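Look at the two complexes coming up: chain A is in both, with chain B in one and chain C in the other.
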Partner chain A sequence: MNETLLFLIPLLPLVCALLNMVFGMRLPRLFTETLAVTGVAGSCALTLLFWDYATEGGTKAVLFNWLDSGTFQIAFALNFDRLAAPMTLMVTGVATFIHLYAVGYMHKDADYGRFFGLLNLFVFAMLTIILADNLLVLFLGWEGVGLCSYALIGFWYQKDQNTRAGTKAFLVTRSGDVFLGIALLWLFALTGTLTISEINALAQTISPGVVIALTLLLLVGACGKSAQLPLMTWLADAMAGPTPVSALIHAATMVTAGVYLLCRLFPLISLSAVGMTAITAVGALTALYAATCALAQQEIKRVLAYSTMSQIGYMFMAIGAGTVTGAMFHLLTHAFFKAALFMAAGAVIHLAGDENDLFKMGGIGRRGPQELFWVFLASAACLAGIPLTGGFFSKDGILLAVFSHPDPLYEFFWLIGMLTALLTSFYTFRLVYLIFAGRSRGRNQPHAVSRLMRWPIWPLTILGLAAGLINLPAFFGGQEWLHHWYGKLAGQTLTPDHHTEWLLMIITSSLVLIGWAVAHFYYRNVEKPRLNWLAIFLLQGWRTDRLIEQLLIRPFEAMARFCALGCDRVLLDGTLDGSAGLAKSWGVLARRLVTGRLSTYLSAFAWGFLIFIGWFLLRLLK
Partner chain B sequence: MINTVDTLPAFPWLSLMVFLPLSGALLCLLHTRSERDCRWLGLTVAVATFGIAIWLFLSQQPNASGWFCVEDIEWIGRFSIRYNLAMDGIALVMVLLTTFLQIVSMLLAWPVRRHVGLFFALLLILESGLLGIFLAQDLILFYLFWEVALIPMFFLIGIWGHNRRHEAALKFFLYTLAGSLFMLLAIIGLYVIHGDQTGHYSFLISDLARTELTLRQEYLLFGGFLAAFAIKSPLVPFHTWLPDALSEAPAVGSLDLTGLLIKTGVYGLIRIAFPLFPNATSECLPIFGTFALVALFHAGWCAYHQDDIKRLLAYSSISHLGLVVLGLAAWTFTAWQGSLLLMVSHGITTGALLAMVAMIRQRIATRNLQKLSGLWAQAPCLSALFLLFALASLGLPGLANFSGEILVLIGTFQTRPIWAIMGIAGVVFAAAYMLRLIQRVLWGEPTQAEVADLSPREWLILIPLAILTVWLGIYPATFLKPLETPVLLALGGLP
Partner chain C sequence: MIVPIGHVLACSAALFAIGLTCAVIRRQIIMILIGVEIMLNAAALAFVGGSAFWQQVDGQVFVVFLMAITAAEVAVALAMVVYLHQRKRTMIADEFNRMSG
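Right after this comes the complex of A and B.
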């Protein structure tokens, strides 16, 4: 089989997206929906079909030359290798279920053509990131993801708040992209190529100081897309979009892009210890920050948003600790259970009568199908890290890697990680109790939850619960399949003694159970939120929005005002008008001479004649 | 070697291309009774001219020094002024852009009601002037075309413009005229110096480039040319005429102004100022780079503060031109190719946006961002295309401007990393003002009662522009290929 066929994986969603965008509204609704789902499902099937291409160093395919200028040669090329294959499968698989769910969720929305077109385009952009053979094609997907998130967060564009959230997401992530862009330019200047595998191969030749700088630049770029400190403020507001979009952003596309980028360039970034420590620090601090914010949130989707931020923080910690497997393992399990959680949350919101506020929920399980409670609980258990769920194994692997890192600073990060695990369990069960426990506090009429909104949650929940199997640690009788699959790309191998392993596992498990117990104690029966200053501070995400407004947005606008009014209007146009005015006033002066009266002219003539004669006489006398 | 022998190809395609619009203009003027005929005549001539350009692009092969077609005959023997038209890859790309955008202009000018014959005649004269600028190799001929292109624009703004049209037209005219007078002085100065030196008087660029000048002379003459080109480009701080002229000009006028006329400034730098004064150029490159960066940021900020869409687009053009000049100042092959490509892309995307502004204004009678809202709800097709061009303009990969921008940045990084880093930061500025524009125009609740979606004529205008936007973004090789040899030659000119 021809390897160019690999391009079908990303192009299938693209073609469906374009078809839906152009013709979507002229086609029957069912056709549009089917097309959208087929596009993604087809590309999932193709991934399975082409799976063998990923073994042995992967397969590269070239479509045609994109940019060709002197030494700068960039082709539309993709690389289907061991790192890309599982991620592709996850993205297309999870996205398929989300698309199915979206068909149910959006069944009343009139603008379905645009919605499904953008949804497919989103998947295409993410697949481009995953499969890109060079950094410029990756950048194409990277910006494409930014665009799709912008358009989908602001999908209901009549409300100003939604489109503003979209704009914010685009601008914040684009600020991060500047740093990625600089890294890209620099890498090309250093290595003369943007092909990822060649850069990784040449990484050893780059001087250590430059590697540190490059790693930090890539880190900031990754932070933008993955909503890590300090570029995290957009994610919580991104909840303005329809729920399937949130599920897509948080699970399959968008936020995992940063993690994937760092994994892709792991051979490069792992050369700098400083850079790796910075990555871990960013991950740890974000994990803790987001977990504290999640404690006080009152909207169901915002809790989940902060939980995503926090979990991505774990993935960054894994990369910083040197284990690509750990990061990717958590990425995969997280994708399953987070998608399930968001989809369940969408159903919950429906049942609560379009109510987002947790304190107006309660007893939701009694309003609709009982199964909703179970899927939500199961996914929440994964998020909290209840032993033997998928989330437990992947998170535990990361904490183990951080703990066994030789650098003493990592002990500190490990402590933060443990604290975050405790907080995670607490806020997750707070969420569960607030939604399902006690009696109903809301007054809105529940909407029915259609079958299409229920059954796609099941497979994802089961995958989330069972995902531990793909990288089951040895002392549980597992083979660490994922680690072996990645082979050379997997990063560091961990061989701690079983003693430590058991100890850590028991500590994390007990922390998780403590978190549950505390949540049970406080939130089993709650009527109103307790708002003290700390809760408000956390609710507002540590007031970072205001900080950014004062530090960045206001000065930017002031500078814009200065440039437009101060410089251009007053200084430049003022000078021009001034000189024009000067010329004009000279003209006015000169015009006074032209009076039209003969006497003036005659006297002027006489005076002039006199002066001329006088001058002539003077010359003669000399 | 001094070339005094007339050379003429089998068929003078270039002359035909340059003078076809002019003769069309004469016909329009003579035949003003039927408005309908004038429109169709204008469109036909524009299409025919574009056809010639395409034919030249497809059929002609450049010779070793990169020239396609040369037409060189004596014109005014006493002053040894020659009628010399020639085309290389750079000129070819500009000619393609010009002839293409002129078709768009004709279609866009369809609804003009006052003095239709004169309007189309002026557009055609403008096209002749522009084509002449891109093809003339004799400085007097160049100067002539330079002024020919100026005058129709003056009338277009002054007669068909908006409320403050007289002020804007005067400002535009005086500003550019002042610049061109300096250029004329410099041309004559160089002519005299060259003639004294060699005993052979000539206005040909290729002859004058061999003049031996002291650095002082170079600076003086370079300054003369620069005055014309910097004002036309426009470089900060000589840019304030553009927002005024653009906002007061009629739709077609603003499209031609940003899409084509300001490109002649940069083209003049590449074709005339740089090769004639290599030493002064190499000394001045850092200053160019600095000014380009100032333009990029200053205009970006200004654009963010505008409420009039046309002024916003004017400033965004100045900002983009800053990036173009930055690439030129970096003086690398990749950056130059990027700059030239960015000029084309900018012509297409900003031209398209300006055309759409005119369409919006016909429907809603305002260009004020504070008053516009919610267009998507009422005219989704129009809005979708507006979004496409706006996204291209903010540099989304896969669409037109990105290809040029990334080449500029990659090329600039090779020689001046700091410039490239600052240049890439300017990209966020573009995102900031473009997203503000999109936010105000497309999203939100609609404020007006009924808005019609695109008419067939508007589809006809926008679809080719949209196709080109994607084409330039995905397969720019079509346009990069002809640029290779001339850019290499131009860069080799620097010691």
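Right after this comes the complex of A and C.
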């Protein structure tokens, strides 16, 4: 086989996206839906088919020379290597199930052509990020996912709130992208290439101070896309989009692109200890921040959004602690169980009669199929980190890596991680209890949940539960397959003694159980939210929106007002209006001479003549 | 030359002043036109005087041209006077002030 065939993986969703966008509404609904699902499923099958290309250092495929200007040579090239292959498989696989779910979820929506077109386009852009051989192609995909995210958050654009959420997501992620763009240009100036493998190979030659700056720039870029502090405000609002979009883009794939970028450039960023500490600090603080916010949220999808931010914070901690395997392992398990949770949440919202408010749910399990409760509980157990689920292994791996780091500052990050684990367990079970426990508090009529909305959740739930097998630690008799698969790309290898491992496992497990117990105690049968000042503070996400408004938007508006009023109105308009007014008033004065009366002109003529003559006579007399 | 050039020019200047005064202070269009004619003739007199003084024919040729132009001017002017009279039934020049700025 020819390696150029690798391009079929991203191209298949692109072709389906274009077909759906152009002809989607003219084709029968079933055809559009089938096309969308086939595109993604086909690319999943191709990934499996081409799996062998990823072994032995990966395969590069060049489609054409994109930019060709002297030393600036950018090929449109893909690199299917050991880091990209599992991520590609995860994205295409999860996207296939979510597409199937979306067929069920959107079956009443009239605008299916646009929806499936954008969803397929998103998969294409995401695959471009994953498979990109150089940073410019990666940036192309990076902006592509941003565009699709914007368009899909505001999918129901008739509601002003939705479009505003889309614009917010677009603007906030864009401000991160600026830093990523600066990092790209700087890297090109330093190394003369944008190919990722060459940059990583040349990373040693860059001076340490510049590496710190580059790492921080890349970190801010990743923060924007992955909703980490301080560019995290958009993700909770992004839940305005349809639930399949939240599951695919804002839980499983796009928001983890930042983690993937840092993993890709890990040989570069691992050179600066300061940068790594900064990455861990950002991750730890976001994990804690988002977990506290999730404690008080009242909308089901906002809880999940904050939990996504929190879990991505863990992935950042893993990168900061130097283990790419830990980050990617958590990325994969998180993608499975969080997508399942979102899909189940979509079904729950259907059963509650389009009700998002947790305090108007209760007893949802009795309204619809019982299996919904089990998939939700299983995925929630993964999120909480109940022992032996996928989330437990991946989160423990990260906490172990942070704990084993020699830097004493990491002890502090580890404590934050542990506290976050406790909070995660608490808010997850709070969510479960509020949805399923007690009697029904809502009055809306439930909508039926079709089969297509139920069964795609199962495979993802099972994958989430069993994902621990991908990288089962030796402690549990596993082979750490993922770690060995990544080989040289995996970052540091952890060899903790059994004593530490036991201790950590017992601590995390007991924390998870404590969180569950507390949630059980408080939320077993709750009627309405208790809103004290702390709850309101957390509900508003630590009032960060207000903070940003005060710090950024107000000064910007003041500056804009100064420019508009001070500079434009007063200075420019004043000068122009003033000179125009002056000319006009002179004109009014001069106009008086033009009376239209013949006698005036004649006398003026005579006077002029006399003055003329008089002047000549005076010259003559001299 | 029997008449000294100074007398001819003084006569011409006086005629011109009379014509100018007539054109400026009278309100009737006809009278203004007559004033203009007097000024033109004053100029023609100065030309003829100059021609006799310097014994050159240029001035006299110029006067012939001046007469032709005056005739043409009078023809046009009188036609316009008739037209203006038809429009407003008046000969007062200041009544025609539509061109005011």
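We adopt the following convention: the second predicted complex is superposed on the first by the 567 of 622 C-alpha atoms of A that agree within 3 Å, B and C clash if a C-alpha of one lies under 4 Å from a C-alpha of the other, contacts with A are read in each partner's own complex, and residues count from 1 in each chain.
Everything that follows uses one rule, which is that contacts are C-beta pairs under 8 Å (C-beta built on N, C-alpha and C of every residue); 3 or more make two chains touch, one makes a residue touch a chain.
Worth saying up front: this structure is predicted, and the values here are computed from it rather than measured.
Participant: Check whether A:Leu5 is in contact with chain B, with chain C, with both or with neither, and answer first, second, both or neither.
Facilitator: Neither chain B nor chain C is touched by A:Leu5.
Participant: Tell me which of chain B and chain C touches more residues of chain A.
Facilitator: So, of the two partners, B touches more residues of chain A.
Participant: Mind working out whether A:Trp186 is in touch with chain B, chain C, both or neither, as first, second, both or neither?
Facilitator: First partner only.
Participant: Of the two partner chains, chain B (first) and chain C (second), which one does A:Arg591 touch, if any: first, second, both, or neither?
Facilitator: Touch status of A:Arg591: second partner only.
Participant: Just chain B (first), just chain C (second), both, or neither: which does A:Ser175 touch?
Facilitator: The answer is first: A:Ser175 touches chain B but not chain C.
Participant: Regarding the shared-chain residue A:Ala110, is it in contact with chain B (first), chain C (second), both, or neither?
Facilitator: neither
Participant: So in the superposed three-chain picture, is A:Leu565 touching just chain B, just chain C, both, or none of them (first/second/both/neither)?
Facilitator: first
Participant: Give one of first, second, both or neither to describe whether A:Ala273 is in contact with chain B, with chain C, with both, or with none.
Facilitator: Touch status of A:Ala273: no partner.
Participant: May I ask you to decide whether A:Leu602 touches chain B, chain C, both, or neither, giving the answer as first, second, both or neither?
Facilitator: A:Leu602 sits against chain C, while chain B stays out of touch.
Participant: Quick check on the complex: what are the chain A residues that touch chain C?
Facilitator: Listed in rising order, the residues of chain A that touch chain C are 590-591, 593-599, 602-603, 606, 609.
Participant: Under the definition above, what is the set of chain B residues touching chain A in their complex?
Facilitator: Chain B reaches chain A through residues 171, 237, 240, 243, 298, 301-302, 304-306, 333-334, 337-338, 374, 376-377, 380, 384, 391, 396-398, 403, 406-407, 409-411, 413-414, 417, 420-421, 424-425, 427-428, 431-432, 435, 439, 442-445, 474-477, 480.
Participant: Touching chain A in the complex: which residues of chain C?
Facilitator: These residues of chain C touch chain A: 20, 23-24, 27, 29, 32, 93-94, 96-101.
Participant: Which stretch or stretches of chain A touch chain B in the complex?
Facilitator: 21, 25, 64-72, 114, 136, 139-140, 143-144, 147, 150, 154, 157-158, 160, 163-164, 167, 170-171, 174-175, 177-178, 181-182, 185-186, 188-189, 556-557, 559-565, 567-568, 572-573, 576
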